[in-house]
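What follows is a single structure, and I will ask about it in a moment.
Which chain is which? They are A, B and C, in the order written, and residues in each are numbered from 1.
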Amino acid sequence: MNRHVDPREALSDGDGIAMGEVLLDVRNVSLRFGGVKAISDISFDIRKGEIRAIIGPNGAGKTSMLNVINGFYTPQEGSIVFRGKERQKIAPYEAAASGIARTFQNVALFKGMSTLDNIMAGRTLAMHRNFFWQLLYYGPALREEIANRRKVEEIIDFLEIQHIRKTPVGRLPYGLQKRVELGRALAAEPSLLLLDEPMAGMNLEEKEDMSRFILDVNAQFGTTIALIEHDMGVVMDISDRVVVLDYGRKIGDGTPDEVKSSQDVIDAYLGVSH
Amino acid sequence: MLYQIFIDPFVQMVDMPDFLLQVIWEGFVAGVLYALIALGFVLIFKASGVFNFAQGIMVVFAGLTLVGLHEAGVPAYLALVLAIGVMAVLAIAVERFVMRPLVNQPDIILLMSTIGMTYFLIGLGEFVFGGEPKKMITQELGLPTGSTEIEIGERGLVILQHIDIAAAVIAIIMVSALALFFNKTRIGRALRAVADDHQAAQSVGISLNQIWAIVWFAAGIVALATGIMWGARSDVSFALEIVALKALPVLILGGFTSIPGAIVGGLIIGIGEKIGEIYWGPLVGGGIESWLAYMIALVFLLFRPQGLFGERIIERV
Amino acid sequence: MFYREAGQFKTSYAADQQVFPILQDRIGVAVILGIAVFVVPFVANDFFLSAIAIPFLILALATIGLNVLTGYAGQLSLGTGGFMGVGAYACYKLTTIFPDVSIVVHILLSGFAAAAVGMVFGMPSLRIKGLYLAVTTLAAQFFLEWCFIRIPWLYNYNASGAIEVPGREVFGTMVTGASAGSVPRYFTVLAIVILLTVLVKNLLRGRIGRQWMMIRDMDIAAELMGVRPLYAKLSAFAVSSYLCGVAGAMFVFFYLGAAEPSAFSITLSFQVLFMAILGGLGSLVGCFFGAAFIWALPIILRAGPPMIGIPIAAETAFHVTSMIVGALIVTFLILEPHGLARLWQIGKEKLRVWPFPYA
């Protein structure tokens, strides 16, 4: 399963999966750290083209779930089927090459680089010119650099961050950093985009902006999105289906309305009297 | 060739057990000294997360101060007290002018600042005391000299220098004292709190500045003791600074935050490199002592990056 | 007033991605290069060229090498001296085995030996990070030093244990050995340093340089963006050691003339590290600032005080240099962690908005 995925093949959208069919299938995944069970026997799927929310109280295993999906953690049991290929163990860069991109709970931008370079970093897999062309920075290497720059500028326009193009990201306010991070993930043109609390710590206006970008990405590029979010209003508004985790177990799965009325979910969020 | 690498050294060991014991003892003593330097590193690393590259030069500097004061006509014990005073001043200065302005900087910046400190102290030490090696005032301080010969078997003989035994004893005393200090006193508790989380410690009223000054002072005293012991075995000279770098592989073996780890790591490195040098060194021309410790650490790192006593780190994003 | 980019509009991405997008910068660089090529060698005396300009250029290249690894890829190395030594010994072996091939070719080739050794010692960086890695580079440093002493093949079994640089010609002019003049040596060094600096700049602003910086800033995120840590880290080690190796070869062939193993001790590693820190980690121009500063300081300290009537012993000057450099390192880390290069940049920004204090 440790084979190298050809990035060119991966980046094309010709995966033969129609809209609405299963893109990613999580099958009976369990993850332990020493004696602590972070995830126990969770199964759910993500369909192509949908916005899928993963919710749950703190420590429910949501971020661990994302880490399993993009290969940062290796589950002890279970497997993951992505675009029809089953795997148990995958290196993070291979997951990236197979078309999974993500953002992080605590912004994980490249602090020493500008906005432009950060988003260019997202194009890593789209650039192939070898070392010797890179040394010359001329001809094919320069053309490739400029072609990718053009793509990046499209994303910059899309996210309305033209004015901070050359600002080092460390100097940007939090809300903009989150936006740049989204841009970096989009630059990879992923078929599955994982967003870990994209709206954490934002004010209402910023949340509205971010929700708009997420919906636009989904509608314009047809990108499948899985997101973790604590703001129930946002989750219920923008997601197509919701999976609910609690203490590493799955306690709910369905449309926002179904989940809202599920007794298990209400208990987990409000607590039960014993 | 294979015979020479895998069999011959062991045959030699069995043939001359007294010589083997002597080698192990030499390694043990060197190991104690490595452990003492490593102890200074651990103290500072535990309390501030700073990897103190300057510990080696602090050893030299403390030793030079002691000897230098004595040469200037100060009685030995008074010189010892004054040397402790100098280490206290140094600790306060380091806290005030290096640590405090650099709080919350990345590890690598802090490490490089201690490399800068190393060069400053080398320049200062040579400026004040001159670059010549000096003799440690072993007798004046009342430390034992001479040696004991222990017979083993019929004609075997192991020679133990008294100063080496004293070094081991002093090391044991210092380690126990530090362990007590860390676990049983109020300052020790504050120290551990700072080690865990700077901001949380500050929020319950612990003064970071005070704690850091204390830790650097403690490391300074450890450095002084190391300087005396090492100086008694050879000379007090700046060459020691390079040797002191061997505390790094020691720490890798023992883990950066473990006091027992520093001791065990020190002994493994000390004994390992002596045995390696004596029995395997001749095969490649000798002198492998200069890098063997690092190679041991390197190989070790590949298999157990967290050290013997460190906890496994789970990365989070 | 003169340093202003108003009116300089970019109409293509290619123009926007130039190394020096501002016209005044381009003029400035052209002037500096012009002085280096047409003025310095004809005005400066032999002492300035041999004892200041040549070692400055060579050490600047070594600093660039270290900066690629530490400043750009974020992997601290204390083994620079050892890698420079590999280049020097490789070049010595090459030129004694193939005396007819141009020495410039040998110098450029000898970097590859250093790159190979650098990659071997870079392997552990895949599993260990930061301070731990510093220990493995120390292992490289001490092991390589040992090799230079204990493997007589490396110095052709000389009784002295040192390498003596033989005389070699480029275009019919002696450039190495005792009879080589300082001007030809200066030009050879200058050409190699400029060539390699340009190539490294190209690497840094392209895909590979970006991958190094990604690893430096946030290795986990980099991997999740598709960077293969193996390639990124080992390529940084290879390029870094290549540059250090070439610098080491030039250090012996164009500056020292002969070298004992102690020439490549850990002291040299630290000297280059200080040049990188003072100049500015992650800056190419900083490498030249740092190298100039650290190399010139002891010379100025030795020559300066006597000029204003204060006698100073050579030894004292040496000790004071050590103290000043140490104190400056700490000061810079506190006040301006990005070094002289950042000060230079701030100066330029101030100039741009002059006469107003803020932009």
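Assume contacts are C-beta pairs under 8 Å (C-beta built on N, C-alpha and C of every residue); 3 or more make two chains touch, one makes a residue touch a chain.
Values in this document were obtained by computation on a predicted structure and should not be read as measured data.
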Most central chain, Cα average position: C
Farthest-lying chain, centroid of Cα atoms versus that of subunit B: A
Euclidean distance of C-alpha centroids - subunit B vs subunit C, Å: 33
Centroid spacing, where centroids are CA-atom means, of subunit A and subunit B in whole angstrom: 48
Chain centre separation in whole Å, for subunit C relative to subunit A (CA means): 41
Numbers and ranges of subunit C residues touching at least 2 other chains: 220-221
For subunit B, residues that touch 2 or more chains besides their own: 315, 317
For subunit A, residues contacting two or more additional chains: 72, 104, 108
For the subunit B and subunit C complex, residues of the former touching the latter: 51, 97-98, 101-102, 105, 107-109, 111-113, 115-124, 126-127, 131, 242, 245, 248-249, 252, 256, 284-288, 290-291, 294-295, 297-298, 301-302, 305, 315, 317
Complex contacts: residues of subunit C adjacent to subunit B: 74, 76, 124, 127-128, 130-132, 134-136, 138-139, 142-143, 145-146, 149-150, 220-221, 266, 270, 273-274, 277, 315-316, 318-330, 333-334, 337
Subunit C-touching residues of subunit A, taken from the complex the two chains share: 7, 70, 72, 91-93, 95-97, 101-102, 104, 108-113, 117, 120-122, 124-125, 127, 129, 131, 134-137, 141-142, 145-146, 149-150, 153, 184, 188
For the subunit C and subunit A complex, residues of the former touching the latter: 12-14, 17, 199, 202-203, 205-208, 210-211, 213-214, 216-218, 220-229, 235, 282
